[in-house]
Amino acid sequence: MIRVALIGSTGYTAWEVARLLLNHSGANLTVATSRSDEGKPLSEIHPSLAGRCDLALQVFDPVRIAEQADVAMCCLPHGASAQSVRELADAGMRVIDFSADFRLSSVPLYEHWYGVTHPWPERVGKVVYGMPEFFAEEIARADIVANPGCYPTSAIMPLAPLVKAGLIETDDIIVDSKSGVSGAGRTAKLGTMYCETNESIAAYAVASHRHGPEMQDLIHRIAGKPVDILFTPHLTPMDRGILSTMYARPVLQKGDTTATVASRLMQTLRDTYREQAFVHVVDHLPATKHVVMTNHVQMTVRVSGLEDRPGRVILVCAIDNLSKGASGAAIQNMNVMFGLEPTMGL
Amino acid sequence: MIRVALIGSTGYTAWEVARLLLNHSGANLTVATSRSDEGKPLSEIHPSLAGRCDLALQVFDPVRIAEQADVAMCCLPHGASAQSVRELADAGMRVIDFSADFRLSSVPLYEHWYGVTHPWPERVGKVVYGMPEFFAEEIARADIVANPGCYPTSAIMPLAPLVKAGLIETDDIIVDSKSGVSGAGRTAKLGTMYCETNESIAAYAVASHRHGPEMQDLIHRIAGKPVDILFTPHLTPMDRGILSTMYARPVLQKGDTTATVASRLMQTLRDTYREQAFVHVVDHLPATKHVVMTNHVQMTVRVSGLEDRPGRVILVCAIDNLSKGASGAAIQNMNVMFGLEPTMGL
Amino acid sequence: MIRVALIGSTGYTAWEVARLLLNHSGANLTVATSRSDEGKPLSEIHPSLAGRCDLALQVFDPVRIAEQADVAMCCLPHGASAQSVRELADAGMRVIDFSADFRLSSVPLYEHWYGVTHPWPERVGKVVYGMPEFFAEEIARADIVANPGCYPTSAIMPLAPLVKAGLIETDDIIVDSKSGVSGAGRTAKLGTMYCETNESIAAYAVASHRHGPEMQDLIHRIAGKPVDILFTPHLTPMDRGILSTMYARPVLQKGDTTATVASRLMQTLRDTYREQAFVHVVDHLPATKHVVMTNHVQMTVRVSGLEDRPGRVILVCAIDNLSKGASGAAIQNMNVMFGLEPTMGL
Amino acid sequence: MIRVALIGSTGYTAWEVARLLLNHSGANLTVATSRSDEGKPLSEIHPSLAGRCDLALQVFDPVRIAEQADVAMCCLPHGASAQSVRELADAGMRVIDFSADFRLSSVPLYEHWYGVTHPWPERVGKVVYGMPEFFAEEIARADIVANPGCYPTSAIMPLAPLVKAGLIETDDIIVDSKSGVSGAGRTAKLGTMYCETNESIAAYAVASHRHGPEMQDLIHRIAGKPVDILFTPHLTPMDRGILSTMYARPVLQKGDTTATVASRLMQTLRDTYREQAFVHVVDHLPATKHVVMTNHVQMTVRVSGLEDRPGRVILVCAIDNLSKGASGAAIQNMNVMFGLEPTMGL
């Protein structure tokens, strides 16, 4: 049995980890930490766990945690996380970091977008990105895994294979994403109060969201080519789920029709994900409802234009932001790190 | 043109007043105050007002406000409100108070339930309750009007006429109410975050909500008889609306069937509200959707039991908590106070 | 591996069975039938199953199904179900029937409330009610199990033990229930269109819903005493979940206070469910969000009145209508029927 | 008093017309027709009108309607509408047509996208498009007005002035729209059932929705230049509202920065709509909640890219699909046609 420590237990991703581990036959939650609620049972913070997981919250003590657990799931805010990750790693633990602190390739890129000095710059660029569909081997032997961002997951998975295969232009990609409100976290703020977000949709952080550079950086890393992405996130009145609608120009071949372009792109995605249990290239237009509360991904391709004059490629991808976009991916990473079936408990 | 001052402008009821006044042909918003946002346009706090009402927020200065406005709508928290109401009244203004500070009949009852010392105890019990369906004449000449609570409105309107007519027992009434989340106010709190309340219904303040005694007190005042009410509010995943489902025992007459009881109660309610533009005694089971964004009330009666053995009376009443349950009622009160058509702007 | 046949595959409860079986390590879906969609993959009807369960739908052929599966989950409409259950049983299968056809104790009671002639009246009253918390031994050896109704589950579980222990009066119980919209089924009807039910709550079938007699009948069966229940269901704007708020009179003992009454009732419920993995007697007021997407039940007790004059007992119980109220209970029943851990896959 | 006839009364746009007319001081609903519900009160179809508008539904009889009303609001399906519009016009009425039958410039364009033979082809291309912000003079003297589509309204209003002013490229515009479910109409269909659309967002009719050509056609008509638009609509879990996020390339001037481009575009929109009561060019990112239940429009501009290397223009526009996107616009058109204040009743 893998013993799991939850570092930072009050948010939605922490709750999702705890919830998923309840049905995992190869791993157990043995530690849950919280700065402010020491001694309280985890189920007091998350009442859905009442009678199901009544672990008492403890303070963050890396050495003691390393005795009680094999792997730490670090659900701390960006900036604060890196220091804790370092202390946990120093204490000998393997760590899955939910923050962005080790996702990007370079310190300047990180510091530009996150506005903080990185506390452990030497490791930046040397931590594997926790997307087992592309990096399973590195994840299997990693001491630290940078768990992917939610929006980036929904964009990288359909885009990276197409960029790598040279099927879409790299300099003109638009990602228009719609996310459920849980993506904004569990801290009480006016902007995510029920009556502010219910029955309403709005764009935010237009052309300035930190997940834009993460998408670019990782597609570059996976596909070997730089890409230019314009990213617009929207807050959507639902708990969970991300739908990303993406617009790109196809690289055309002689005689191409909308049908041949669509077919080639679908085939490339199908080939890429044939062996991947969680990724489904589907004919229908995916809805977030088809994937929420699962670690699964649904994606499809459409091509605009007149039949013999293909216009743009439209990609649609649906994930659950809390599962494949966070805690489900973390469990999947843990499974890979410890040699379990990738799908166990998911 | 009646000039209206909004005292405390950041909440949902204040927004609703401002919104309603935009379409009122006999009144204008001329003042809006805020402790914390002096100088900002009201539309910065409530973006739906952008380009429609850009009044600058000012600090609370009763004398100055009395020069700029004829009536004050006081949207301050319970406890804090009474003092401001007093100062506005002293400055010569007529005031509609949204708080509970002057709703109850006695100081001890108020202080027991609200846990504060009342700053103006002499006026308690001498302020008219702003329900024009019962108190129009007093409202017309009032300097201060205590605007009713939202839950009490939904319970008093169907219950009071039936208690008064002696058609239901007074000692065994249950009010099970379901409210939209806007009733909980606009202050950021974990409990009213989107992801905490969406897709979920829960009871709260069971047998201990302050609106229970308000219902009892007012039905007593209107019907002339004390009643015993067990009140349970529920937080429902919707912005607006209250549905109250009420259970009472009928006072039976010889030969009564479920049909005769239902018919007698419906008739009494129809007779009570025949002249009232906003109250509709309907045959269908009202949904909150039938009344939200209006000042209208829909109510109906059902009787349980075998045909010849009538059981309990079930009353269902739907209102909009922000309109008839707060700001719409306030506009209606203002119309009555100033001799306008009660329905103007509503 | 238990082989499961799904009879009637297009509704939400069928989807929930299929979904739950994907993560069940002791059972597999091997058959799915549909009158109208023969040959189509199940995932075309339920796109969330794409790439996860692509079983082709077949017509209803009891003999053939009996070769392919060990147990049938019969998700057919009331009235139509009994005949199919009979044919499946005749073919030698064990059957879990989701309809109400075998839930009630007597044919006249059934025929009065369901308005149809029962096709297999001899079995009525001789089929175990699928609530393993009370009938595990009978379920373990049953050929047919009548899977409980969703509302009855939420009412029977808190009420039956208290009636049995003589702690509440039996002649004056009110059940005010609030259900998510999935309880109304997946047939396209105006009343359950998004824009009709969203942002709205309404009572329906007041004092006339078929689940009222089911509650009475089963509490009678479990507690050994007849009870009189007034039941009001409400349609609530959420996908899943039932919250039942119940009102009963306590049987008082000398010297009782609200605290002693509450404590005695809580203790009785705790004692009843101590060994039951899915039932949690909690101190907090349960919300449906605490239990949706699980087979768990949360319940609590409150007592109204002045401290030394206890008033009414208020019980609150939350379940997921599609899980513990339907498909989760069915899986739990299957586990018990086949000697697996009751919690397996749940 | 203008007398208004509602032709086709069961849908959401018809309800919205009836609702808006209740508060219109210059117009009255005098006729409401329905094929299937003759004789029933309108409030039986739309229970929110109970006690407020109990007009009896009548069959469609153009001559009789022309005696009872001055203007007809024709809320019939595309294809069927044109014939009724013709008969009403022949009977001497002025008509506002909610369908697409007279919106497009040419019969072939219409017949290609709507797949039907147009019953009155001679009038196609000669009916004014009911957007008073651009066509007020023609509307004022029109016998027939083609009321705009909801998505087109949200796209034309920000795009047309920028295309006309030559500030954005015309050959590469993407419109990614998110609509509330009421846009799909009130006919019971699986796809718009509560549990299918709630808590979910999905794209539909990608690159094939009929509102794409309407946008292109009208921008061409208003701006005098052909444009190429890729349009993707999304079904969003909310009753009302459309948010359109649009991507275009700016036409750059020497020395342009992201700030100068944004400022020039904002200024052009502000100049265009300065005199328009319903259109607000705002600094904040509009949410649909800011405009629902009103006839108002909010729009803004952002520019991506590094400060000195402007990338794309992002336009965001929010409207209420049932109000400014349908019935509010119709009332506004009626006001203009009959010489009333454009804002009356809105």
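A, B, C and D are the chain letters, set down in written order, and residue numbers restart from 1 in every chain.
Just so it is clear, contacts are C-beta pairs under 8 Å (C-beta built on N, C-alpha and C of every residue); 3 or more make two chains touch, one makes a residue touch a chain.
Small disclaimer: the values here were computed from a predicted structure and weren't measured.
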| item | value |
| --- | --- |
| Centroid comparison with subunit C (C-alpha atoms), farthest chain | D |
| Contact-richer chain pair [B-C vs A-B] | B-C |
| Where subunit A and subunit C are represented by their mean Cα positions, the distance between them in whole Å | 36 |
| Intercentroid distance (Cα basis), subunit B paired with subunit A, Å | 46 |
| Computed distance of Cα centres, subunit C from subunit B, in Å | 38 |
| Subunit C residues counted as touching two or more neighbouring chains | 196, 198-199, 237-239, 286-287, 289-290 |
| Residues of subunit B touching subunit D in the complex | 23, 25, 47-48, 50-52, 199, 280, 282, 284, 286-287, 289-291, 293-294, 296, 298 |
| Contact footprint of subunit D on subunit A as seen in their complex | 174, 176, 178, 180, 196, 198-204, 206-207, 230, 232, 234, 236-241, 243, 245, 247, 285-290, 292, 302-305, 311-312, 314, 316, 318 |
| In the complex with subunit A, residue positions of subunit B that touch it | 12, 181-182, 186, 188-190, 192-199, 237-239 |
